[in-house]
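Lettered A, B, C, D and E in written order, each chain numbered from 1.
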Amino acid sequence: MTPPPNTSTFGLSPGTLVYVGPEVAKDTTLKIVKYNEQYHEQHTIKQIKDCQISGDKPYISWLDVDGIHESGVIEAVGQLHNIHPLLLEDIMNTRQKPKIEFFNETYVFVSLKMLYWHDEMGEIEAEHVSFLLGSNYLISFQEKRTGDIFGPVLDRIKASVGKTRRNGADYLLFSLIDLIVDNYLEILERMSEELEELEGLILAGKHKDPISELYNLKRQLTLMRKYVLPLRDMLSQGLRENSKLIGKSTFPYFRDVHDHVINAIETIDSNRELLTGLIDIHYSTLSSRMNTVMKTLTIYSAVFMPLTFIVGIYGMNFDNMPELRQPNGYFYTLAGMAVLAGGLLIYFRRRGWM
Amino acid sequence: MTPPPNTSTFGLSPGTLVYVGPEVAKDTTLKIVKYNEQYHEQHTIKQIKDCQISGDKPYISWLDVDGIHESGVIEAVGQLHNIHPLLLEDIMNTRQKPKIEFFNETYVFVSLKMLYWHDEMGEIEAEHVSFLLGSNYLISFQEKRTGDIFGPVLDRIKASVGKTRRNGADYLLFSLIDLIVDNYLEILERMSEELEELEGLILAGKHKDPISELYNLKRQLTLMRKYVLPLRDMLSQGLRENSKLIGKSTFPYFRDVHDHVINAIETIDSNRELLTGLIDIHYSTLSSRMNTVMKTLTIYSAVFMPLTFIVGIYGMNFDNMPELRQPNGYFYTLAGMAVLAGGLLIYFRRRGWM
Amino acid sequence: MTPPPNTSTFGLSPGTLVYVGPEVAKDTTLKIVKYNEQYHEQHTIKQIKDCQISGDKPYISWLDVDGIHESGVIEAVGQLHNIHPLLLEDIMNTRQKPKIEFFNETYVFVSLKMLYWHDEMGEIEAEHVSFLLGSNYLISFQEKRTGDIFGPVLDRIKASVGKTRRNGADYLLFSLIDLIVDNYLEILERMSEELEELEGLILAGKHKDPISELYNLKRQLTLMRKYVLPLRDMLSQGLRENSKLIGKSTFPYFRDVHDHVINAIETIDSNRELLTGLIDIHYSTLSSRMNTVMKTLTIYSAVFMPLTFIVGIYGMNFDNMPELRQPNGYFYTLAGMAVLAGGLLIYFRRRGWM
Amino acid sequence: MTPPPNTSTFGLSPGTLVYVGPEVAKDTTLKIVKYNEQYHEQHTIKQIKDCQISGDKPYISWLDVDGIHESGVIEAVGQLHNIHPLLLEDIMNTRQKPKIEFFNETYVFVSLKMLYWHDEMGEIEAEHVSFLLGSNYLISFQEKRTGDIFGPVLDRIKASVGKTRRNGADYLLFSLIDLIVDNYLEILERMSEELEELEGLILAGKHKDPISELYNLKRQLTLMRKYVLPLRDMLSQGLRENSKLIGKSTFPYFRDVHDHVINAIETIDSNRELLTGLIDIHYSTLSSRMNTVMKTLTIYSAVFMPLTFIVGIYGMNFDNMPELRQPNGYFYTLAGMAVLAGGLLIYFRRRGWM
Amino acid sequence: MTPPPNTSTFGLSPGTLVYVGPEVAKDTTLKIVKYNEQYHEQHTIKQIKDCQISGDKPYISWLDVDGIHESGVIEAVGQLHNIHPLLLEDIMNTRQKPKIEFFNETYVFVSLKMLYWHDEMGEIEAEHVSFLLGSNYLISFQEKRTGDIFGPVLDRIKASVGKTRRNGADYLLFSLIDLIVDNYLEILERMSEELEELEGLILAGKHKDPISELYNLKRQLTLMRKYVLPLRDMLSQGLRENSKLIGKSTFPYFRDVHDHVINAIETIDSNRELLTGLIDIHYSTLSSRMNTVMKTLTIYSAVFMPLTFIVGIYGMNFDNMPELRQPNGYFYTLAGMAVLAGGLLIYFRRRGWM
């Protein structure tokens, strides 16, 4: 929920490039992919100046910048492709929330989050991803932390399967967003399973203290919602805006992702509701157990207090206590106490306490 | 709440047909119905290629695909009728939420959920249903699990009763949706009855632990809401959109279904509110019982603790205890204790604890 | 909250007339009222065919159908006045929520609920009322259960007082709706009074178990809200729609009813909020009473447990217990215990437990 | 929250003038003020017919009707100034919620509430105030209960200070509304102070039972919100509507009042939230006190129960109990009990219960 | 939450200048900065009449008024620059919520809050800041309490770094707003850290009474939300409005601040949700501790009550008690009690109470 610790940006001139995410030791990797239906080429770039791509080519160019922690690299890429300084700031700012921005017909800027689910910690980790879609090219930026997240699409292009090779840069953008959104659904699936397991334990009253676990799940869902929700508006804005950069033929695909996003949001919301319900059930279980405990205590006290009082009476040392002198006094007393105890137990059973 | 376990679709090319619902052993059944006011014909299809229907006939054609788990069959039906691959994905995706889509004037795609109420488990089961309405024909897709859900409409067409035979394919679509929505109201009726029964038990304080039952009902209502809510927007969008495929004369009928859907949503919402109220009442009952238990315990203790102390005093073995030597000491002590107990009981009654 | 038990309508052809409300033994009564500023006539109809009224008369015609449980009668009235079959279904469907519908310039359909407050049961009963406003006539439908609810307006027309006689059929419709809405405010008034009474008892801590009463009131308010809320949109839609059937001169009157409806909704909402507050107060009272009970128990135990222990010590039968042999041992022990008890009481008073 | 007891208006013809507020013994006072930059005149009217004012004068005319309980007076004023009967009903109806209505270019009707804060009862009292703004004149109606609320504006006009004398009737209306809204802020100030005091007591745990006080404050805030909220829409509607009666130059002033109203609403809402927080804190305090009480009780019991049991053992009268015969048995027993008690106390301290 | 104590403004003529903030001892400081790309000048003003700046100069003029508690100074500045009296009221009114107002093409008025976080008190302090943007000049007003908040921007202009020197007065305005909004994010960062610390303590069950701390944090967040929320609408209104005073080239910058504001609001909201969750966890911890306490008490009682009763029996003084005479009666009794105690402990362990 709380953003990662950061270098303060207070008082800096706006547009100053500062990386605020967790520290990264590795260098930035730049990869260029060029393809059309017939042609395919893919290579890693050594010198930043070689990374320039443009849209006036007979193939689709895709520049993948893997690592956003080196401001020098980002700045250079930005200058070569004429990117607005504030956009560069957004690309490096890992705390930037998902958004879409249209810059006339020159390019479309899209930024969102790739999510990872760490099973052992039960935590979601977010990686900041940005796209710049030009007329015939795409530039993607990702954090260099968990390996290349665009692997499956790269493989698809290389293997020449799927529709990616036959379609434009907008379809490539769709494929990458689709990959990320499908991953949301995967994560939600796993959280749902964990939730269902917890639910079983709680309903069976077998989980002693599920609150902190429920609380963590709720927190992760809240975090996830924060990342997923803006995507809904982002995508519908993308469909509304009549940019030439996103062709009409890719519209059904974007609508499809939009549907998946809505699905994800609904699953998040229903899971959150489920969590609230489970918390209620847990409290109810606690309360009714307390009730049982208290009833047990009360019945014990109600039965033994009078008995102990009676034996106390006959333990007194008065000189003149006629009962003590009767031959069967002791046995009558024992019998009387048995009758009293029995009567009390019957009474409590009738009141429904036992 | 949680979707059924599924084959992962992560990393697959979009538009790849994957069935994600529960496993089904039976084969897909294809049925064709052709009718107009005078004419009626109905037969099951053996070979997929015979299932092609079209709108340029003097009768209404209805192709009912019973089973959506065989991607081969769905793909073949799709190719024969020129259906967009993404729609085929939606038809097979049992997790797809209800939606309507207009494809120019060629066809209208509608997808929703048929619901079943399992009394013994107190659970709702959803079956994914899709429709493709063309100018003079309708294709319906349903999961092959619980038998043909369109029975009553088939019977009506066969028996030549009702308005179905006199009207177009849009009226047929309405009849089928109406059937599904009427069923929602039936289910809600049953849930309301169950709720009312629970309510009686809870208000009478006779239900020991109603929380998990209430929780399950709430969950089923949440689930149902998720399926029913999108229908409202879907139907109003259907009425707004000026498609030639849905004639003006069927508008009042669609408005009627729309009304029923709103009615269903309101019943769901008021039942949910009722449930929340019942949970509150249950807690209140728990609390006030706890209060009674605690009061009983306290009164017992308050009465017997001083008495036991007094008898303890006279059970001491000091050599010099003048009271013990008095002939009536024992009787005075008993009397004193009776007065003390009586006084305490009067005091507690005055404080309203008894 | 739950609709009354009903004959199932599942699988029936849409537009089939089925009465779903509580059983009614009486016959339907049909009454015709004709009036203008000079003229007035009022009579009950024996044969259904005589009930036809039309708008091309120099007077206002009002047909009041008292009883909607006989589908034959409703169907006949419908045929004579050319009413759409779905509207007839709505007229008979006592579960239909309030709505307005404009059928070109032919007629306006309005349906709402007359409410009754049963003091002894603390329950609201709803009667389904529908209106059909034509250019110069009005047809009203009501359930035959609690007598003619339009009495006051009928009397006003007969007595030639008020503006009703000088105005058109739209003003008549307004008068009848106004009558129904005024009744809502009456009922709310009574509920408010009951609530205020309950509030007094709860704040004074005199009501042992107000939860089920509060719960019932909340339920009735929820029910009422369900009936009243749609009226707001209904009336504003009626004012927006530019129908010739509702004259501009009656607009201020309809706006006035609209205001009353909003007033009713606000009163419902603030009463509901009040109820929630009272439930909280009740719980708080329960909690703080529990606190008092527990403190009493704890103080008793804290005082008497050490004392009982001490007297137990001197009740032991060891041969060598020097204290027991001292002449004043008993009195010193008594004094010591008095000091201990006093000290404990002072301590608890300082801690604020007494 | 609940409206004052009233004469029922059920079944009456709409537009019938009925006063529903608390009973008033005093007569209505009618006051006329005429002024422009040079001229000023102010006098009380004896006969109703003299109260007629109009806009075609070289000065601003203001008729202040102090008292709305005499339907005869209101009706006469209404007839002299051509006011719609439904408006007269609204003027007299103390339960009418704030609203604005434009009657072409003839007049603007504004109704709102003057609020009073009764410190001793902690209650808000509302007085119904209405205005009728014509082209060059203003008629104001107020309840005759707590003295003339327009005093400060009257004084300002008389003293020839401020902008009121230089401006039109619309500025006069603004001044009067501003007066009323400023008073809202005053009341909120006082409530805030009271709340802050309560907060201090609750946080310090010094208030035994703050719930009913918090509840009352919440209720008053809810009540106030009901009166203030409609003003926001009312004023923005007044600014939107392009009436000639409200000049463009007074727009900044009305926007200013609008700002104050929003400020008041926000203060109400944040105070309500604060109240909810305080209720939570109070419950938390109750709970943790209960915890302390229970721990005390448990520690007492845990320590003294075993001790009392031990002394009980040696109080038994068996013939053969070797310990009793040992010379130091008593002292060993005392020492053993001290060790046991000490051990238990150390154990409970380690568990954090002490 | 509650506004600072103030001089009442009730009954005053609108536009009367009253300072309502905390008392300030220092004099107002007036500073003028003039700059363009080549030129830079900065000096403090002695006499108010020298403070007049205007837009028809070849450089940007910025007048910074440090101190808003002297109505004379504000009035003089207002007259020299032709500012509407109501705006002057807003400038001095520290309770004024953030807003933007466009006065044709003459000037834009912006008012917002600079926030300070007092670590030791855990409280937010707000300083009222207003801006008046003309075509080529800017006037800023700030409270003279905590030193000049515009320091970093002043330094940037002096040092000739950043884009401020190359851009117009609108960019200067943006820089100052950006400074204030960046500070919001700083404060939120610190609150998040504190929250995370609290969270750790609560989840570990180490914080005894975190409620008042959580409550204070929630209150500060509510307060902050009140100050930050209006900025969102304010900035989007500023972007919507097509004022010549704010150039198209500064739009991306303002959109950027807008993004930061939304980010701040979302962090506030998610922190508030987190707080609610922590409160729940705290209650749950309290409840389950209570449960443990009660179980301990009950087990103690359940074990020792029967034992004490048994020893009480053999402490009775009846003449005829055969058991007492048996040589091994004492040892049999001890053994029996050990068996009973063991059995009870096993029983409670089986029930899961130990």
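In this section, a contact is a pair of C-beta atoms (placed from the backbone, for glycine too) under 8 Å apart; a residue touches a chain by one contact, two chains touch by 3 or more.
On a predicted model such as this, the values are computed, not experimentally measured, just so you know.
J.: What is the graph distance from chain C to chain E, where chains are linked when they touch?
T.: Tracing touching chains, the least step count from chain C to chain E comes to 2.
J.: With centres defined as the mean C-alpha position, give me the chain A-chain C separation in Å.
T.: Distance between chain centres: 42 Å.
J.: Between chain B and chain C, what's the gap in Å when you average each chain's C-alpha atoms?
T.: For chain B versus chain C, the centre distance works out to 26 Å.
J.: Please list all residues of chain B that touch 2 or more other chains.
T.: Counting only residues that touch two or more other chains, chain B contributes 287, 290, 294, 297, 301, 305, 308, 312, 315-317, 321.
J.: For this assembly, give the contact graph shape among line, ring, star, complete and other.
T.: ring
J.: Listed in ring order from chain C, and going the way that reaches chain D first, which chains are there?
T.: With chain C as the starting chain and chain D following, the sequence is C, D, E, A, B.
J.: List the residues on chain E that touch chain D in their complex, please.
T.: 1-3, 6, 8-11, 13-15, 84, 86, 89, 95-97, 99, 209, 211-212, 215, 218-219, 222-223, 226, 279, 282-283, 286-287, 289-290, 293-294, 296-297, 300-301, 304-305, 307-308, 311-312, 314-317, 321, 323-330, 333-334
J.: Using the touch definition up top, name the residues of chain E that touch chain A in the complex.
T.: Touch list, chain E to chain A: 152, 156, 161-164, 174-175, 178-179, 182-183, 185-186, 189, 192-193, 195-196, 203, 252-253, 256, 259, 262-263, 266-267, 270-271, 273-274, 277, 280-281, 284-285, 287-288, 290-291, 294-295, 297-298, 301-302, 305-306, 308-309, 312-313, 315-321, 353.
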